[in-house]
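The chains carry the letters A, B, C and D, assigned in the order they are written, with residues numbered from 1 in each.
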Amino acid sequence: MNGLLETVAHTLAPGLLYPTGGAILFALGLYGLIRRHHLVLRILALNIMGSGVFMVLLGVAARGEGPPDPVAQALTLTGIVVAVSATAFALALVVHLTRLTGHAVMLPGPPDDDAPVEDISREEHHADGGPADRASSEDRPA
Amino acid sequence: MNGALLLAVPLLPLVLAVFVGLRPGRARLNRMVPWTALPGLLLAALAPTGLEATFDSLLMGTHLALDPTGRAFLALTAGLWLAAGLFALSERRDDPRRHRFYVFWLLALAGNLGLILAQDALAFYLFFALMSLSAYGLVVHSGKPEAWRAGRVYLILAVLGEVLLFAGLVLAVHSAGQSGLAAVAAARPDGWALVLLVLGLGIKAGMLPLHFWLPLAHPAAPVPASAVLSGAMIKAGLLGWMRLLPIDAAGHAVLGEMLMLLGLAAAFLGVLIGVVQVRPKTILAYSSISQMGLMTAGIGLALLLPEARGGLLAAVTLYAVHHGLAKGALFLTAGMAGQWPASIPGRALFGLFTLLPALALAGLPFTSGALAKNVLKGPLAAEALPGWLSHTELLLSLAAAGTTALLLRFLWRWRTGLSTPADGAPDRRRWWAWGSLAAMAVLLPLGVWLAGPDGLPVTAGDLYGLALLWPVLLGLVLAGITWRWIHDRETPRVPEGDLAVLAEAAWRRACRAERRLRLPPPQPRRMPARLRVLRLQLRQRLEDAERVLTRWETIGLLFSAAMLGLYLTLLAR
Amino acid sequence: MDGGWLLLAILFSSLGPGIAIFFLPEHRQGLRTALNLGGAGTKLALVGVLLAGVLRGDEYRFSLPLMPGIELVLAADALSLLFASLSAVLWFVTTVYAIGYLEGSPRRSRFFGFFSLCVSATVGIALSGNLITFLIFYEILTLATWPLVVHRGTPAALRAGRLYLAYTLTSGLVLFTAIVWLTLLAGAEGFTPGGYLDGLAETHATTLQVLFVLLMIGFGVKAALVPLHSWLPIAMVAPAPVSALLHAVAVVKAGAFGIIRVVNDVYGAELAIELGLTAGLLVVAAVTILYSSIQALRTDDLKQRLAFSTVSQVSYIILGVALAGPLGIIGGLVHLVHQGITKITLFFCAGNFAETLGIHRISELNGIGRRMPLTMLAFTLGALGMIGLPPLAGFVTKWHLGLGALESGMPWVLGVLVLSSLLNAAYFLPPVIRGWLGERREPWHEPLQAHAGPTRFETHWMLLFPVVFTAALGLLVGLFAGLGLSPLGWVSLIVQRDYSLPGFGL
Amino acid sequence: MSPPGAEWLPAGIAGLVGLSLAVAVLATAWPRQAHRIGLLGALAVTAWVLVLSAVFLNAGPDPETAATRVALGGWEAPLGLMLHLDGLSVTLLVLTAVVGLATSLYSLGYVHDRIERRQFWPLWLWLWAGLNMLFLSGDAFNLYITLEVVSLSAVALVAFTGTAAAVSGAVRYLLVNILGSLSFLMGVVLLFGEHGVLDLVLLEARTEAGPTERMAAVLMTAGLMLKAALFPLHVWLAPAHGSAPAPVSAVLSGLVVTGSFYLILRLWLGVFAPLATPAFGILVGLLGVGALVWGSLQALRAGRLKSIVAYSTVAQFGYLLVAFPLMLVDPGTWRVVVFFTVVHALAKASVFLAAGTLQHAAGHDRLADLGDVLRARPRMVFALGLAGVSLMGLPFTGGFIAKYLLLEAGLGTVLAGSVIGVLWVLAIAGGGLLAAAYVLRMVAPSFQRGRADAGETVSLWMDWVPLGLATVAALAGLAGTLTLNTLALTPGAP
């Protein structure tokens, strides 16, 4: 397992490794954000995307010989800070939402504006699109 | 003498009309109504010739003047309106809506007086329109169904005449470059202008084939109204012709022949249809048509014989005056049917007044009719007219015979309605009005002979002459024949207003066709239900679509698609 | 620039009170009336001053930069004054009438607010010195009129309002596009007698023709040219003063005025003839006149019949302009005034009948002449004027149009005039005859008496005065058309001053 | 020789950042006094911005040297953070100040509950500070940071009513925003990797049409489109704006979205200018047409007052996209676009404030049952109408001027011979009609017959501020020339 990774790492030029890995992470994160319905998972997906970006950034920092570029590292740190705070805030919101509605999925989108907001039961199977909802049902807190 | 007086003549009735309208039922105001015609009469009698006035600020410049023709017509019109007005005062005494009658009366009077004085197209048109439209009020006054029908026909023809006259005037004025009547005539209107003028004025003058409002309107209107209608108003068309047609040294053969044809045809058809009528006033109406035919023919002659035009125009004028007075008197006669006196001398006088105008129209020597006919035939003896026109003189005489017969028919029908008034007391006012008009039958020729107006060569010989007798005798014979021939009955063989019946039938058919088309009335309509349903469905579709867009799958897809699209477009150099 | 303030003052003399009225509480009737009449009076006086100044030959101009190269220009020439003074006079009358008409009805502050806004826009249109300014006020007029159309708030009213907006906004958009395009081509010129497009004539002939069509569509909706007229008869649901405003003072007039401006001051009659534009306009106007007259015959609803007659009468104006000869233009321009006076009289009368006796249909008019003689007299004068009988205003127009048609070598137009006069008579004489000569059996029921109590006159004096005034005006302008100060005199002055172009000798 | 006052500009810029941050921090520190601090701060910041812009206009001579750049802490680029002030940022700062002040005043009446006050004011002041910094910062990464500040505080404000709808809307808003910011950041990183600098001016100097730039441009643009709710990535906007408290919706629709769009504009005017291709312009333009049609249709469908307004934002931003192809033909058009955004922000904010008042009075904002309140509150209807007219682009409003200039540009392209230009012209012209349709939906009920019921009493602020702001939006037309001239003072931009 490790060996495999190392071989990959050695075969790929370091200049190319980080960007590629970052891009892959970014794409994975995007996919997760789209497919997952539990909000916590979505937030995690976003974090994966974020780390993808930072990976690319670090790659930039590590580019060339000599000591890595301090600016890039500074940027990475700042970025991480921002990401962490955003994540924390998002989690807080999700907790609040779960308290209100009893499950951590989003209410349906705009077209509900004629319907009273309280009863989401009617809209529930619409929530974020029909059958996918079933998939999301098992990762609700029991 | 101040020209402003000319304006005062038509203005006076207008002012009174306003007062009568605002203060209905004021006896004093009503009593003033007939006398508003008096200034016209005085002006005709006293005013110096060539009296004129120009008012630039009125309309687009108004020009009034009193010329010899105008003087004659003014005298006739004012006198007739005055007499008829006096007659109306007593005849309308207990009519609850008489003030309405008086208002229309005054308006029509103003128009009639004004159009005689008007010397420019606009003013002439103004007064002409005023007269025609107000006369409608007189026609329908009784409010009976037949009156409404007559009114409808009258109004349609009057309005038609208005617009035709308008178009004709516009054309004529445009080609003349100015709006003075004299200038317009001098510019010899032709083509469309001429046609339109002849028709527009001809409707008023009861010209064939646009005559059919007369036999409907006259019987429907109250007696004094019919008197002025037939005596004065229809002369307006004649006056218009004399003022606007190219009657000058060049003449106009085509138009002249056309008018001769129409005129003589009217003269005979009027008699033929009139004879088979049953109602006295209808018979008189047809007689008017035939008499107007003679005057039309006179105009035609003036166009055919340019060098004799002066005498002919004077003759036509004279004929118009004579006919106006006599016919007015006869209509009043029809209104006197309820006044058959009880006393013998009274009856004698009654008979005299009845016969005088009738005989005058028949053209008995020493009456106005004799003079008029002679003066009209005067130039014919000398001239040799081409073609069928050479028999004009004979035709005129025959027409006179017809007139005699027609009038006898009138008296015969009329006599059946005679009755003595309930209280037996003669109505002085009616007697005066009637009598004075009837008397004119002999006074007029005397006056003309003694103080012969300029341009009218009258010799004593014109007053008699046996040439006039045989038509009358012939007329008596004809009358006798018709008496034998017509088994009298209450519905005329030819319906009153001959052509009008056809026209109305056509109109009704048109209306039915229009109704059959069932065109939707121009009303706002609601959006059709189908569209409303469609709108609701669209709303639903939109809602669903937005819901689809809201799915995270869609978001991600679109997001990636957007990136891809942007990238590709950026590549496309 | 000094004169500019006068123009602004004229504009604000109605705008200011209008805005103030919006914020007045409903019950302050006295103050509201004072503001209304004060504004109207002031405007009238100021316009009078302006009139004198222009007669003296002074220059009045106000301009305000809006965008780079685009200015808001107010200017007073003889033509704009014709329209300005017309709207000023009629607005005064209409205000009086409206106050009387709406007495005791709800939401008057809103009504009079928009009412004043309308008139400000109209005066703005009259005084605007270039197309863009014209457009601005034109659109403001559209918006300010809508609340008046829907004022009653009934479903029918709202539908009418929707239709009105649909028509006017769309046409406004077309106009907008056309004007921007024109400005791109020819720059933001001011109105100049004889037009300012001669330079483009040979290079952009087709474009100019297309633009002309667009402009005509833009103005044609408000001017109610067939087939763009449908909104007008339906907008009849509005209260009578509004109809008067729509038909006589503001909206329809704005459209017609726009067409006048375009033909005479943007393209210039000569260029318009050269490009064959006037011929088309002439045909459209003729069709409109006849078609709408026939439609008018087919309704029994008095106001709707009046609406259709407006459609046809306004096209007289356009007909005159399209004749593009001095006499024709005189006829068209003078009808701008004459139609206004006459038509407003008729609408006031219709309003009086409806308000006083609850009568809306022609078939109910029998014998009304005895109950409301003055109103009926006014109605008669108006109707006869519309038919074009002398000495009323309408006749003066028709006479000049007829002569103009011959002058421009189009005798068939005379035929159109004759036909339309016949039709006018056909649909205007029946109500008159019923009113005077008809018999009414049952007694009148009088809604006005119900809420306003008995009045000395045949109806509330504020309803009666305007009717009598405008009717008298309609009679006088016709009777004394020869005077220098009459509309005819003024219009002749305009034509002499502005359009005495080569080949245009009067 | 720089004219008088020029030397004060750097200090003024730094001071503005400092001041707005300070206000925010203070409000956070003393939530008890938050509203007082907020009010004073709002006044102070507004005054500061106005003075600053006055000085700038007075000092800014020719477009080349108009921009004033301040290095924070004396660290020059490429290392340090640069603050960057030019015509564009001045315009948007003033806009922010005006809308911000109005919103603050409105909030005095709207947020009355003590607890709510403590939560609302700090967040709002942070948002404002973030916006100020966003418009001032001239450094790509710094832009990312400010974007995050803005979005986080905005999300918090959306959620702050605490209802399920609000929180859920907030969550969607947040997730979409982070997604957008991340892809923006990715782009920044790529640019940095390529050129090793983050300062926009330096970047602009170095970029040429290379693959990396293209990738970065795509990432950043797409991310910002997501944040600016540009069709078809707009779905988060309606629920977020619809469920947020009125002042917040006003700021979101008026300023936050505008901020993101400002970034797109800024980037494509400067750094990415060499990348633009006609095809790109057409694609964006088509998206714009789609936005116009779709947004308007949804606004015509929506049943709630605030969602109508929210969708109208989607529609109105379509104009900005449609303007892109025009910009490619006549680069000068960008100033019109900015002017349009300014006018739209003013109008939209006032509409939202009015809607808020109505909602507060009626207790709901379902259009169907809003008639009574509308009838009883003519002032609100007037505000709605006035702002609505500006949205329709009818005279005599800023909207009209903007529409005029856009149409002029569109016709210009047509006359220049571009066929698809006709489509742009049609869109620009026709959009007004659709706008008229949905504005009519909002206003018409007040003219219907029926009973009038003022509902809940509202404070004076809530009654008058919307009308005031609407009037400003309407009169903005008079500021057209001034704005355009100010924008001309932007170096680099054509």
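General remarks:
Operating definition for what follows: contacts are C-beta pairs under 8 Å (C-beta built on N, C-alpha and C of every residue); 3 or more make two chains touch, one makes a residue touch a chain.
What you see is a predicted model, and the numbers here were worked out from it, not measured in a lab.
The central chain of the assembly on a C-alpha centroid basis is C. With respect to chain C, maximal separation of chain centres occurs for A (centres as means of Cα atoms). The interface with the greater count of contacting C-beta pairs, when A-B is set against B-D, is B-D. Averaging C-alpha coordinates per chain places the centre of chain A 100 Å away from that of chain B.
Chain D has its Cα centroid 80 Å from the Cα centroid of chain B.
Chain A and chain C have Cα centroids separated by 67 Å. With centres defined as mean CA coordinates, chain D is found 28 Å away from chain A. Residues of chain A in contact with two or more other chains: 30, 33, 109-110.
Counting partners per residue, chain D has 179, 235, 298 as the residues that reach two or more other chains. Across the assembly, chain B contributes 543, 546, 549-550, 555, 559 as residues in contact with two or more other chains. Of all possible chain pairs, the ones that touch are A-B, A-D, B-C, B-D, C-D. Residues 78-79, 141, 144-145, 148, 152, 155-156, 159, 162-165, 167-172, 174-175, 178-179, 182, 185-186, 189-190, 192-193, 196, 198, 235, 238-239, 242-243, 298, 302-304, 307, 366 of chain D touch chain A in their complex. Chain A contributes residues 30-31, 33-35, 37, 108-111, 126, 128-129, 132 to its touches with chain B in the complex. Only residues 176, 179, 183, 214-215, 217-219, 221-222, 225-226, 232-233, 235, 275-277, 279-280, 282-283, 297-298, 301 of chain D touch chain B when the two sit together in their complex. By the touch criterion stated above, chain C contacts chain D in their complex at residues 22, 64-68, 70, 110, 132, 135-137, 139-140, 142-143, 147, 150-154, 157-158, 161-162, 165, 169-170, 172-173, 176-177, 180-181, 183-184. Of all the residues in chain B, the ones that touch chain D in their complex are 539, 542-543, 546, 549-550, 554-555, 558-559, 562-563, 565-573.
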